[in-house]
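Below, subunit A partners subunit B and then partners subunit C, in two separate complexes.
Coming up: the complex of A and B.
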């Protein structure tokens, strides 16, 4: 058996299982989206593109689309920015391997917390009357701040929890990546009297371009699955201020009269939009890295 | 046929169900390895844990109770029943979705599955009414009731304010007791969206001020009365703790137990919660009274029912029905009272017991008795209610949190959506 055959036959079973699981559920969602199925009744009929056309007139759908886009941008940018700043800080200030490992271990803790647990902890921390953050704000003469009840900051407050979980995790990855970089280019830059931020901005971080693009994509995919965090912390509120598309699909399909077909149409549109967006980002990233 | 033979025959027929049940118990033991039950974290449900081995032993089964939050519990039950999945044999349902479950045939009538030994006639009349649809009782209520006004006796005394008897007096008392500098807020209420959340607490204001849900077949909650009720509700909320616009019932109750609130109208079940010295900073300082006139009391009940999709065969039905009867029985309520749980009472006999009188303050019992006649189902008794209530809840939450300010516009939009929901039910 050639190496090519070996690779093919070892990958084939997993690929078939994954493809069938994905295809069956997508085909099911497409089928449902063309019907008028609700959870209340076993009867349903073919309605063609009605659900898709109704979505185009649904202002709540467009609001959810907008919130999802803002959520993606804020959490991906925030996570990467926090990770880069902290990684450079740890790399430059903590030289003892033991201390560095201890810090990395502590930074891993948030991402190990189940999302729902993290959401409950932060919901309590954010409480305007009983929460620690408002107590500290009170000591500074600020507040009370309604982190989750004020529509203008609710989405940002939830995003902070996501960034806290993933930003610290990515910091650990970046610290380890910085340790693996060759020393020569950095020493050369130091001989040229480059400042610390110049070394990182023009030497080390460009050397990490490819892994950084991978991290952006991983986080972008992960951010699409933040349903549990938002659901527990705000339930999409106040009003519709934190209602992302997956949350609205859930509300439509399960809570609001169980309109499964309408929710399926929404999910299919979300799939199409994200596939297009990720293809564009992936290609742009490859071009930039190349 | 002689009348003696006739009476004998009738007696034998009457005994048949009991004989059938005895037969079931013998025949079905060990045939239902697992009984899956959906639950919500009410004290009556969590207290059941230590007694489960007793039931498991009786039927050779293992009862597994899945505890969920209110909204998740509703979603899970609906999904399991409507898709015919039937993963749960016992469903936890309430007044808000009873019409939907009964009309869809997702649960059995209670008398068809729960043995008569459990004395179904002993359920509190107000709760039995709420757990019935078209005169048929579908779930066994273990918690429920109506509303009660809960207030801080010490704060009202200090301010020289009498217990409010009317809505105007309530508004005045709320304003007079609010002192944010001292960390005291006159009022708290549910703001978070949901038919069982903000809509539930808003409804007595709406109905008390004369509002009606429907005008013929059309939604009418966007009427002048709806706007007026929302204005009063929002005025009171402006004297609430920070973040009240998204408070759920737990936030509201905890704010009161934390000593931050002077007055609240909540479900009467929370009365005993205020008297728990381990969890309440205001235990012993709390008074209870009926809601001020003209506010009615919102009747509600939570309980267990047997799922038609989950309990298809005779043995599963027998075990599930017996579980519902056992878990909501008189004996179980007395055991809970002995364990200090006085909040969840579903039986008339328990209400009349000495143990209950010893467990709660007398003015709480007086408030319950005075509120009873004003308690009824205030929500729209329609299968479309969960959908209509949730849509209305979203509109109210938007208003409460300042996302939008036009009350009439928000109610109009909710009513417009409700037209669709009602049409789909038809």
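Coming up: the complex of A and C.
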């Protein structure tokens, strides 16, 4: 068997599975989006771009688009910022390998929790009457704070859970990446009179630029899939304060109106927008990483 | 520019002591080479002076200031690493100026200094390149420029030429020496290459197992090694050693190694006694082909000839012991030939067989 044949036959099963899972469902969604199917009626007909044109006049759709964009920015930057700060802190303060590994192990725990479990834990923590956070706020003479019911902070409160899960996980990755860096440039920077934060800002983190870009992309893709977390914690509410595109698609397609075709059109638009956005980000990242 | 003084320096990793009670004084302007085999503590010593390693006990004083507990950046030293340690994401210009930018030197002054060092080291065409687009020699020049631009009190070089090929190593060695002659900054240079040490140093500090074995000028170290270890470490080809027994007959002093008899100058070895067990050290470079009847004549059969260009090393079997000598006339001998070679008595080294210490009279 030649190398070419070997590559073909080993890749073929996975490709077939992926193609049947992804392409068939995408094709199905495109097909649905061109009809006017609802769950209430078995009758449907071809309506062309009608669903897409209606989306462009739907203010709730644009609200969901905006919430999705804010969600992406907050969770990605929050996760990376937390990971960088904590990783540098662990790297500089915890020198014993055993202690460092124990911390890393503890930091891995949140991401191992199922999303739904994490969501429920934090719902209890956030509870205005029973929650630990409001108890602590009460000790300081604050609150009760309606973390999930106040539209101005609900999205942020849910984002904190996402950042808690992924930020700590990324901290572990960054701690390990910092350990792999050659010591000499760091020592050279010490001799160059750089302070601790300057060493990390100007030397270590720029040396980790390529893996950091990869982490940003991984998190950006992951953040798009936060349906379960938001659904359990707020269900998109209060009002539409935490309704991202996938939640709106679910609400209009399954939950409320059963307008499957309309929701399909929304999913396809989301797919197109994210594909274009990620291609641009990926190219920019690659160029920046040099 | 500054003098350096290290007193009672001890370095231990847990219970393992690598340097113990080391005292060293380096005067202003001097070019000192720390020389020794791998693991002798020379790099650790340099890194303690730089502040990159904690000193377990003892003091490091630079220019009259006790810097033992100062941060590396506050000691006024600049270091060139074996791996060059350039910042891979910065351009050459950014690499060179990183330190002075941290010091808050005004921009026009930085630009002036950058121009000067780049010109001195021939880096002008590469200022906008990244380190990965430079050759090893160019990268090492950038590392040197980065050290020079700070106008430090002390230059520290940690095996800076080890990663370069022989020709480039020789070229950069000359450049470093020229740089020192021009700037006169106190310099410590760490190497395990004795030839590099001999060619570049004002003074060599030869280290062994965390202790200073001997320190002195290259000539002192080469001609008057204090111990058998120093004699063996310095010089290429390495010294021949012969276990021998001393015979003193009146004024004449002889060392006998089986059938080989080597006469020694009595005024150089006044402390030797008859029957004393010693080890003779005969430098190949101090021996040459000799006619019959010469003093200290050795006779053997040629085993191998190594052509070194202008001269050759002849390895001969002398009564069952392989000994080598260096001669310009190596082309006149062939393996299997019988050869006679000799050493002048004043070039013979004598070491105590038990302690390895040189038995040469003090002050010589």
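Just so it is clear, the second predicted complex is superposed on the first by the 283 of 290 C-alpha atoms of A that agree within 3 Å, B and C clash if a C-alpha of one lies under 4 Å from a C-alpha of the other, contacts with A are read in each partner's own complex, and residues count from 1 in each chain.
Assume a residue touches a chain if its C-beta (ideal position, glycine included) is under 8 Å from a C-beta of that chain, and two chains touch if they have at least 3 such contacts.
Quantities reported herein were computed from a predicted structural model and do not represent experimental measurements.
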| Here subunit A is shared; do subunit B and subunit C fit on it together or clash? | fit
| task | Treating the CA centre of subunit A as the corner point, state the angle out to subunit B and subunit C, nearest 10°. | result | 150
| query | With the two structures laid over each other on chain A, which partner does A:198 touch: subunit B (first), subunit C (second), both, or neither? | reply | second
| remark: Between subunit B and subunit C, more residues of subunit A are touched by B
| said: Looking at A:277, would you say it contacts subunit B, subunit C, both, or neither? Reply first, second, both or neither. | reply: neither
| Which holds for A:188: it touches subunit B only (first), subunit C only (second), both, or neither? | second
| message | In the overlaid three-chain picture, which partner chain does A:129 touch, first (subunit B) or second (subunit C), both, or neither? | response | first
| query | Touching A:151, do we find subunit B (first), subunit C (second), both, or neither? | reply | first
| remark: In the overlay, subunit B and subunit C get no closer at Cα level (Å) than 48
| query | For subunit A, what residues appear in both contact lists, the one with subunit B and the one with subunit C? | reply | none
| Can you name the residues of subunit A that touch subunit C in the complex? | 182, 184-185, 187-194, 198, 202-203, 206-207, 209, 290
| Which residues of subunit C touch subunit A in the complex? | 50-52, 71-74, 77-79, 81, 83-90, 98-99, 102-103, 130, 146, 150
| said: Looking at the complex, which residues from subunit B come into contact with subunit A? | reply: 71, 74-75, 78-79, 82-84, 100, 104, 191-193, 241-246, 251, 254-255, 258, 260, 383-384, 386-387, 390-391, 394, 397-398, 400-404, 421, 424-425
| query | Contact residues on subunit A for subunit B in the complex? | reply | 38-42, 127-130, 134, 143-146, 148-151, 234-241, 251, 254-258
